[in-house]
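Please find the structures below.
Across the two complexes that follow, subunit A remains constant while its partner is subunit B and subsequently subunit C.
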Partner chain A sequence: MSGAAPGPLDRLLSGDRPGTRLLNLLLLLLLASLLLAPFLFPGTRSLAVAARICIFIVLAASYDVMLGYTGIASFAHTMFFGMGAYGVAIALAKLSAGWGAVLLGAAAGVALAVAVAVLIGLLSLRVRAVFFSMITLAVASFALILATQLRDLTGGEDGLTFSVPDVLQPSFRLLAEPVLGVRLDGRIVTYYLIFAAALALFLLMLRIVNSPFGRVLQAIRENEFRAEALGYRTVVYRTLAGALAAAMAALAGALMALLLRYNGPDVTLSFSVMVDILLMVVIGGMGTLYGPALGAVVLVMAEYYLQPAMAALSGSLAGWPLLPALFDPDRWLLWLGLLFVLVVYFFPAGIVGKLRERAG
Partner chain B sequence: MSDGAALLELAGVHTHIGRYHILHGVDLAVRRGRLTMLLGRNGAGKTTTLRTIMGLWRPSAGEISFDGAAIGALATPDIARLGIAYVPESMGIFAQLTVRENLLLATGPQGFDEARLEEVLALFPALRQKWHSAAGSLSGGQKQMLAISRAIIEPRRLLIVDEPTKGLAPAVIQQLIDAFLRLKSTETTILLVEQNFHMARSVGDDVAVMDDGRIVHAGAMADLAADEALQQHLLGLSLASHQ
Partner chain C sequence: MSAELLRRNASDWGAYALLPLIALATLPAMSFSTWLTLTVAGFAMGMMLFLMAAGLTLIFGLMQVFTFAHGAFITLGAYLAVSVLGALAGWSNADSWALNLAALAAALLAALMASGAAGYVFERVIIRRVYGAPLRQILITVGGLIIAEQLVVAVWGANPLPLPKPAAFRGSFILAGAAIETYRLIAVALGLVVYAALHLLLNRTRVGLLVRAGVENLEMVEALGYRIRRLFIGVFVTGTALAGLGGVMWALYQELVTRSIGSEMTILIFIILIIGGLGSIGGCFTAAILVGLVTNYVGFLAPKLALGSTIVLMMAVLLWRPRGLFPVGAE
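Moving on to the complex of A and B:
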């Protein structure tokens, strides 16, 4: 009953195919767009959007490992994101602008994130879910305060600006001649570093959630006592899931620091980033990994393009009563909120959940 | 196989849930290689007894021993690892996992023992057709079959099943009875909570009857099945009404 041997694609996706033709198409389109982003959408701004999408795919997917697969509602995910970012930022600002500092900073950020996640897990996963969420909220607030207070180390509210290794500098030239009209500079190298890392981390998470370990996480999500009655120490599994998600978030943070060449509390630690992650996971579809990837695209695009789109709309409606004010670019959060309410109302299982339901 | 010796033994077990005193000194022996029925009215404490054995509730007094070792203070996963499989009431399946994944959860990292899997699927052939379906999409009877299959997919020393026939159609109940009879023939030790007296009479070797948090009768199932007055006294029913 074990079925036919898996093909190479199944091996790469750990046997977890997106599930429907439309979803396959959407994800292929996303992969192709991100792969060719520097050539399809030239320009600093669109490259930054593509890189942010890659980073938030990892961040949202790692949150999904906790929330969607294990059923743990944590509000400390940005803290782990921040630990990775601060690790790289501090190492590059205080040591040297070399790859050694990048690796050391990322490793330190990941180690700290894993240690804190294990500590939170062992201390508080035995308490009821709602108390666990509150504890994570308190710890995350504490981390945010700490980051703004330790000015010598973190740069306080202003954050840290630093130099990155030469190949990632915008002034670096990979080739003297442009390829397909695009100059291959350090920005492009940075983008492809982020793209490759994000793709590898996403496939790794796909592998983990589809492993026997991932099955136990899903069993715990559905009914903890039943899982314990099968002999699984659920606290250990939940703590491991938390540590894994924290490590992934820290790596995403390290990539963010390399992209921005800056890190501060607003960029990686603020509560609005946490809300963004939640929205990505819920809009895309919890417990699917592919869902948060699509959710990340929707949200990052909305943040970057909703305002200009509204400005254009508002301008074209000039002369009408009320409408220009309604579509004023300053009101973009209102429309994003409305979008979220509509998505939750019409697609409670998220984009991926809805598509799979239609197909199945 | 020392027939007659108790594999699981409860002596004077009290359990409190919050401020409620549910079990008032339960004495119960589950003998090796035999199927012990635990009967009783709703609210008598049967499910609490099973959950206390599995470590969900800690006994506030009394001893629980498995194969001679005290297990009353162990955590649920450690109790399960001693070789005790528990099928909770209302089908303890994981609805969003497939039938295959539900069964894999109960195997070790090495996966299925193919011969054992074939034996289990021979007991419940319906599961074979639903192999890759989400367990939540199964019928009530199939869910129960899956829950029991998961409990026996690896050889266990004791199988504890809580009301497997609850809410099932008579034809499905008959299938379960057949399955338990075949399990019995492999000398598996089983503790079975049931309300369905027909099922209890068909499969039980020994019986214990609970009322108000205590064991009020223990003996051979055949004796209880033959004594209508005793049934009426203990369970408020007679066999004739449960044919």
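Moving on to the complex of A and C:
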């Protein structure tokens, strides 16, 4: 950051280094384990966890562009996620299982997401800022209803199951011989496609928030009135930030559809996904991009691995009143919700903010 | 000054005329008896929505607190109704309307007290620390909502619970060829009583005067030496208690209590607040009935569009009046 000629790493990270040694280590560890996930953690389940982490890193980071960098609380982010996923799902289910359909579906999803985001942004021109969160909540529930009602197009509550291009099919073999004891099948190709796309999108967002445009967004977050007084059309910037976040979320949705080979309202549109994203961004650290990435890891891991631990704890507490119910594996969200509230109170900058603060 | 006042009053006529206009516009699309049934149903739904939304509009208007956790108090009221009416099953199923009414009153009272108490704790523990920070308010109350929903499930279980109405309120009677459910009349009566009580409280008492003045200009009230924090607590507790009351009524109307009953209503309540204008009890009342009527008419004419229609209504109102039908206070 300080040197006159930025090195290649700085250029890659847009001069926005994680900041502390511990954070560097954590993120490096995360990057290495995601890069080598198919070889380090063989098995269908752990590969699915790793792929979900990649997708949610993009999704949470794109939400952070709105919440953390621009200071807008939207509840319609899953809607954009769903648009990307439904775009790919509908294209693959109705057209052919080729790359053309994937690209067409993803492009349509992104275009729709951007259009709706701009529309919401322009509507919020006319209303008080506090209405924005409520309106996004209403619009998101409208989208959920629409997705379940337009049965011919979206498959309704059941969703859509579809075939992906041959290369991504589990039956596809990249090489006849296993490498390091791992068979290179379509699942691994899918994983690396998701990993590469997620990494590229994350670096792109890092670039954007560290551009002059990103600085204006942060200025709006800190003091909207002053930013306006300096001559920036804050409404235009907020709308652009919303459109950008929507496009990124739609791309994450497209990746999700390719991973699951299925899409339905519960997977991409439900309010519980929205809550997950909110938890990821806030627990990880708003306005840092690295924070939401760590938050995504914490949340996805908790979803998959906290529940068995809680089941054991709940079992050992049998006989106490209420306690087993509180530690029931299905109550994992209760504890994350508690963590969320504590983070908002005591560490408003999340994990990353706390680590940076400690480093001075 | 008087011209300004006249203009404001004149513009209000448009907002008031919306209700009868919508009610009459749908009449040609159906038979009169159907229309009457739907209108009564819409009024009843509107009254229950008003119970749930009234507190929130004051909380938004006076305290400038943007809470997304209001649904949690509705859920609490609904589940308390299950417990209380379950315990009083003898009264609730008895062949005596006095005992039935007593059971209903007990459930309403329990919900009122419990939701109010929970609201007090919520204000003291959660809201108090985030006054004046809208973004943190939204985040913290969403966190509170998650915790509250999970706690409700931990206590009452995850499965939907059936909640039969007390015996006397189950049936319906025929009026001018239209079937009118008895329970809907109870809901309308309770809604009117609460509206009248709130109206008197706000317009005829000193506390009400302070609340209204606070909605208009909080800093001035504070500068005059009133302890607005106490006012805040009072408004918050009243608002959450009413949410619990509305939760009981809505749960009995649905006869089924699910964990998401509160968060589902939250969306409708937000729509009502936006249509009515933040901080306005009268606007909230009108908007709630409007939403109730539109939901029922559209639910009959095009069932799939019911919730969508209220969102379209909200968008239309916002384009017409960006601050809602009955805006209160300074921008």
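Convention: the second predicted complex is superposed on the first by the 321 of 360 C-alpha atoms of A that agree within 3 Å, B and C clash if a C-alpha of one lies under 4 Å from a C-alpha of the other, contacts with A are read in each partner's own complex, and residues count from 1 in each chain.
Note that in this section a contact is a pair of C-beta atoms (placed from the backbone, for glycine too) under 8 Å apart; a residue touches a chain by one contact, two chains touch by 3 or more.
Every value quoted in this text rests on a predicted model; they were computed, and no experiment measured them.
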On the A-aligned overlay, A:F225 touches which partner chain: subunit B = first, subunit C = second, or both, or neither? first
Considering only touches as defined above, state whether A:G285 meets subunit B (first), subunit C (second), both or neither. neither
Once chain A of both complexes is superposed, is A:G121 in touch with subunit B (first), subunit C (second), both, or neither? neither
Check whether A:P265 is in contact with subunit B, with subunit C, with both or with neither, and answer first, second, both or neither. neither
Between subunit B and subunit C, whom does A:V341 touch in the aligned arrangement: first, second, both, or neither? second
Where does A:P38 make contact in the superposed view: on subunit B (first), on subunit C (second), on both, or on neither? neither
Can you list the subunit B residues touching subunit A in their complex? 54, 56, 75-77, 80-81, 86, 88, 92, 94-97, 100-101, 104-106, 109, 112, 114, 117, 121, 128, 131, 150
Residue ranges of subunit A in contact with subunit B within the complex: 1-2, 212, 215-216, 218-219, 222-223, 225-234, 287
State the interface residues of subunit C toward subunit A in the complex, per the touch definition above. 60, 66, 68, 126, 129, 134-136, 138-140, 142-144, 146-147, 150-151, 153-155, 158, 263, 266-267, 270-271, 273-274, 278, 304, 307-308, 311, 314-315, 318-319, 322-323, 331
Could you pull out which subunit A residues touch subunit C in their complex? 67, 71, 73, 123, 126-131, 133-135, 137-139, 141-142, 145-146, 149, 271, 275, 278, 282, 322, 325-326, 328, 330-331, 333-334, 336-338, 340-341, 344-345, 348
